[in-house]
Amino acid sequence: MREKNFLKTPPMGWNSYDYYDTAVTEADVKANADYMAANLKEYGWEYIVVDIEWYSVNAGTRRKEYQYIPFEMVEIDKYSRLQPCIDRFPSAKGGAGFKPLADYVHKKGLKFGIHIMRGIPRIAAHMHMEIKGTDVRANEIADPSSICFWNPDMYGVRPGKEASQLYYDSLFELYAQWGVDFVKCDDICRMDMPSAEEEIRMLSKAIEKCGRPIVLSLSPGPAKLDKAWIYEKYSNMWRITDDFWDDWKLLVNMFDRCEQWQDHVKEGSYPDCDMIPVGKIGKGFGDERDTRFTRDEQITMMSLWSIFRSPMMLGCELTKLDGDTVSLITNKDVLSLLKLKSRAQMIEKSREHAVWMNSDAQNLYIALFNISDEEKEISCGIPYEGCAKGTELWSHRDISVENDIICAVIPAHGAQIFRIEKNV
Amino acid sequence: MREKNFLKTPPMGWNSYDYYDTAVTEADVKANADYMAANLKEYGWEYIVVDIEWYSVNAGTRRKEYQYIPFEMVEIDKYSRLQPCIDRFPSAKGGAGFKPLADYVHKKGLKFGIHIMRGIPRIAAHMHMEIKGTDVRANEIADPSSICFWNPDMYGVRPGKEASQLYYDSLFELYAQWGVDFVKCDDICRMDMPSAEEEIRMLSKAIEKCGRPIVLSLSPGPAKLDKAWIYEKYSNMWRITDDFWDDWKLLVNMFDRCEQWQDHVKEGSYPDCDMIPVGKIGKGFGDERDTRFTRDEQITMMSLWSIFRSPMMLGCELTKLDGDTVSLITNKDVLSLLKLKSRAQMIEKSREHAVWMNSDAQNLYIALFNISDEEKEISCGIPYEGCAKGTELWSHRDISVENDIICAVIPAHGAQIFRIEKNV
Amino acid sequence: MREKNFLKTPPMGWNSYDYYDTAVTEADVKANADYMAANLKEYGWEYIVVDIEWYSVNAGTRRKEYQYIPFEMVEIDKYSRLQPCIDRFPSAKGGAGFKPLADYVHKKGLKFGIHIMRGIPRIAAHMHMEIKGTDVRANEIADPSSICFWNPDMYGVRPGKEASQLYYDSLFELYAQWGVDFVKCDDICRMDMPSAEEEIRMLSKAIEKCGRPIVLSLSPGPAKLDKAWIYEKYSNMWRITDDFWDDWKLLVNMFDRCEQWQDHVKEGSYPDCDMIPVGKIGKGFGDERDTRFTRDEQITMMSLWSIFRSPMMLGCELTKLDGDTVSLITNKDVLSLLKLKSRAQMIEKSREHAVWMNSDAQNLYIALFNISDEEKEISCGIPYEGCAKGTELWSHRDISVENDIICAVIPAHGAQIFRIEKNV
Amino acid sequence: MREKNFLKTPPMGWNSYDYYDTAVTEADVKANADYMAANLKEYGWEYIVVDIEWYSVNAGTRRKEYQYIPFEMVEIDKYSRLQPCIDRFPSAKGGAGFKPLADYVHKKGLKFGIHIMRGIPRIAAHMHMEIKGTDVRANEIADPSSICFWNPDMYGVRPGKEASQLYYDSLFELYAQWGVDFVKCDDICRMDMPSAEEEIRMLSKAIEKCGRPIVLSLSPGPAKLDKAWIYEKYSNMWRITDDFWDDWKLLVNMFDRCEQWQDHVKEGSYPDCDMIPVGKIGKGFGDERDTRFTRDEQITMMSLWSIFRSPMMLGCELTKLDGDTVSLITNKDVLSLLKLKSRAQMIEKSREHAVWMNSDAQNLYIALFNISDEEKEISCGIPYEGCAKGTELWSHRDISVENDIICAVIPAHGAQIFRIEKNV
């Protein structure tokens, strides 16, 4: 059984997708890593993740027609394994793969991650390419009816074939050589195809065999609640939503999703609220912009992700961060909620508000959310008698508690988090 | 608008699938055509249809693992058009395609048909092959997410692209040159993929352009009832059931399907009950056998197909027909129901019986079906006063009618059809 | 088998619902009958239908809380049969029921109809009331789990019990005595409850037994396409839509519904597009208003209902009709489409337009609909050679035809109907 | 917020339903209480629960036609509250309700529970009966469209009306007076009706107000996984399956259900696997019989319920218990699993086997289940190094552990539970 306790708290990092789409380059990755090492590492941010289609020649060049150009050339080795595209990742030349870039990131004191698609490249199946460690060819393990509906690159592999496991083993053997610390596997989490559950098991086994403690992140959501056990046992994080963007409706919706998954947060296994679209995003999509979330909405998002203990992946271009956004993502008090050992509980919800609570030995943490479109007073009973004082973690304002009730006026779409000293 | 009135009555013929699966050869086709011309043509049987994967090298050779071998080599011309496999269809050599075989069939006074899959060969897309009449290549019109879930050969084409229509045009231009009279297009009728509706329109337009009156048959079912208009306008027949085999449960089920589609039978447009699995079937599936239908069940099937006016395609090996089966498919009185101008109506149905009726100027036709597991007396009021006599069409027994009621003892799973003279 | 051929063409009339909701009175009904007899009868309008809850004391008095007051008193006879509420229908006093009002309507040369709910009054079941012609009481035939979700008055009856049929027989015996010509039975058409199909059969049998040719109209829709046979055999008209109101989105949607049901129009059996919300409507709903349909939308509605051959029931208050609306509903050329013997076909449809066609021996009728939000030129090939001239039926404008194509500029949301002389 | 920590472990008791259906009497209840006090109390069994329709006159007398006789008379007080039927519960006479019976049970050192249906009696609504503490009558809070599909007694109440809460308050005020310790509320858990969620909240609030620590049990299942938070906050136990009976298919199915709900077991809140159909059951259903579960299947059931920490409610007639069944339900080692503080986890599952694990400071508990139809060897890695010895809890056989693997041959449909000493 794969050990997962190397991951004590939800991963925090940066992912190239929200800003670069398919078009990120080595220089971009390094610039973001430089920024993180210099400015964010001390707050816990540490993963640098290269998202989708780093292997695809010409990725992003026909963006008006296709996000993912179908039947386009890919970099691939003789064993059906995709390789970084040299044009965008020049250090990968000569078969070096992502090793030089991972080394660069590691030297900064950070960790390196990549995105993969479930399955084996379609072209490998049609060309009857080799698989490492076996005479069986790609056409024998690729399932022609197991496709991804939004990306044309891969076929799923057939469960129950030894060569299928060997293929996944060969991938992670390579990723371990490269020094990869984090793999986000896509087209697998919501199990659109029946083989996905088995492919999750194969991924986990391949990681176990490779010997490196690689975080396994599953995408896209929404994950299936009745398969919680599978996610918890075999992966480290799994998306509980479809792609999350800077749209208030999606953020309101996350309260339902966190409600449903709150009992499934545990050490090494984290339901994933998806990337954080603050700051500058959208360039690769042809729409570079500041986040559409208001300041209050950003606070709501960061508060919910923190108290729920979701993984935290910044979607923005780090080198273009403004001061407000920096303050949002470097509030140590708020981020400390991620480190709590117990799971938070939603203790109230209506169409207009929500209340979440967590605690440790000394303190109670209560987050009040106003999801209505008007300023509202929100109050909540405290289930410990005699609590007298506390602090609001965004404003650092001291508060006093009376009659075991916490009460605050919260702006529309806003949130406040209270740390209240237990009377012990 | 495509003319469809060349097809005055439901097509009657033979199809290679139920006996040969993917493995039929030119010699097999000729032998069946010979038999039909000599023995069945006078009863109206005339189409000879070559079913699935005539283009696939090695089709049927790995039957235990795959019905359709994935990523296997196919015969294909430079314009992305599949060609008959020379090993199995030697007359196709030198680029002759199906023309020699069609000529053979035509000389027998019969008509020639082929099966195709919706879309363009996957390999053509991955190889960026040409399309006739345009510079656009296969990769630009193939949709990588439009697949068939049970056959790995094709990608659907993208609607709204001129080259997509040109591709279908080029197919039917070729089929017209070959002398094809009937095309059964598969993976399209139940519209598993959203582009299927548009692809039906493209097929119809391509047939119209090719100038030959080719019957367009759509498969597999069940067709969507709320799309009846599309089928009626653009095709000649469409499958109202998934694959039909010699299983009583499937046959009982056809009464529901015929009930639902009875208002959609009209000249040139026929809801299709699928092939008739009588006689010897199953060889290509590794299970050569006599039909599992009892004699009474066979009579029920032929009675329903006839009065409903379904297309009639024999699934059996004709050269191995036994006398009983011959008598079943050469009953001129029963088959004459196919030629009626009006549509039949189901006028009664319970879990145990069904009654269907049709009529012409002289006669009323009433079919009584016993779908229960025990012999039953079934009766039905006749909506014409004064009818006095008639004939049961399977036994040729004369009957007399009293009190405007027809009544008969029908064996379990059996049927009788009465032709009753109108009192005019 | 119930004869249905007394109903040669789709019924045309007036229904109290759209204007009065549950609150119509005898005086209101008479006033509308007077108007119809004087002004509309000559155009074919003849049914006067009293819609829902004529039996409910206090109906309509708590409209802000309830459309249908739950557990409110009802007029009911000793045999569990609802009676008109005397306060609103004073001529019903002394047990006369609707006979006096029906007589009044008949004297005007019109026909009289009522609305009923599927089933037996809930109070009859709870009070164990009698059923005529049997010792079985209401509690034994009422099914406590067969309710209507939007009206609290009734329980459905249990199929397979003799007393259930006797109950329905006793209803229609009474309605025949009253002189009812048309019964709209509600909560039955879309078969929300499993017994609905059997209750339709019971209604038909009860009508057959009562000896009066009563039109059976089923509501609400959408009817189930796969149950077309049931509607066709047992009823005269059935709603193919949920309640239709003066909302363009609902009207656009009717093109889909008519498309799906076009093959099911036949003498005596008519898919029903629901009431026509023109003129003044909404008073009983607390929102008396002119229809929200523009003139062009009204023309579209009348054109579609006419060529499709839907029943036509005016929803407006007739005594408040304005000249424009009168002209809309008294266009003899347009209404004559209802009398055609053949069924119309939709021959083209896109998101922006639709074309319907029907014909008789002399003429072709083509309706062009612009369902887009902008004026558009719409054209359509004519499938008869040599047609030269015709008339647009709304404007009475003569047109000439060239090259077998009819073409017109149609305003947004508008329609035109062309009668084209066949070249015979 | 209602305190739920009075319920430290899953409730254990007896319920009248599986043996008596609707027909249990006071004498039956007492006899079972006597037996439990004398023989089972020491093992933790303590609740005595009277199940459905104790208020219904003639309940069970027309069993062939109806499980629940519709529109039958019920005992009811002036405030619309159901009362025990005097014929079956003679001590309830004079308005004493269940107090005398509860007192009897309490004197035996046991706890007393009753079953209720969600909502207010239908007859109270139709008769406009009173509600305690308000002038609002039953007809104003009953929702005529909120019914139970399998029982005819009640209407749901309307959320958002003050009188609705007052009605529920009046119920629990009465139950507290009676001395009720446990209320199983039916027709609410799987939320067939939209008001059910609000009715759960009302029940919880009414219990909080009544001041007595009453266990709230919700039925029937399957509960909705995405509403886990509601069940956990407002109730003490909720059914995760539809009615569970002695059928192996249902038992196999429970492994899926326990898998899905394993993260939701916590102090005071227990997903409920339903009653335990061992011993003699079925008399009230007209089918008195011994359980159809084999001995091995019984062990599987008890093992799963115990390690999962489900509530345990015996469905059998206690006075007819045989020795084998007694041994099954009095295995202190097995039952001790219910007292563990942590939640168990399913750590392996296939179509043929399942492995569950839990632990405390000293021991590891591993249950091996063979859900296949053949004897199988099942093994499982132990996630603690150096464990050397343990005990199988059904056979009390000592075992030794080698190589951190536990392995056993398990009969078809059988189970074993191992308590393994941690090497600390």
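Which chain is which? They are A, B, C and D, in the order written, and residues in each are numbered from 1.
Just so it is clear, a residue touches a chain if its C-beta (ideal position, glycine included) is under 8 Å from a C-beta of that chain, and two chains touch if they have at least 3 such contacts.
Predicted, not measured: the structure shown is a model, and the values here were computed from it.
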Query raised in the report: Where the contacts of chain A and chain D overlap, which chains show up?
Result: none
Report summary line: Taking each chain's centre as the mean of its CA atoms, chain A sits from chain B at a distance in Å of 51
**Report entry** Cα-centroid distance, chain B relative to chain C, in whole angstrom
**Finding:** 40
Query raised in the report: CA centre of chain A versus CA centre of chain C: separation in Å?
Result: 56
Query raised in the report: What parts of chain B, by residue number, touch at least two of the other chains?
Result: none
Query - Which chain pairs touch, all of them - result: A-B, A-D, B-C, C-D
Report task. In the complex, go through chain A and note every residue touching chain B. Result -> 70-71, 122-123, 125-126, 128, 139, 142-145, 147-150, 152
Report summary line: In the complex, chain A touches chain D at residues 1, 225-226, 228-229, 232-233, 256, 259-260, 262-264, 345-347, 349, 381, 383
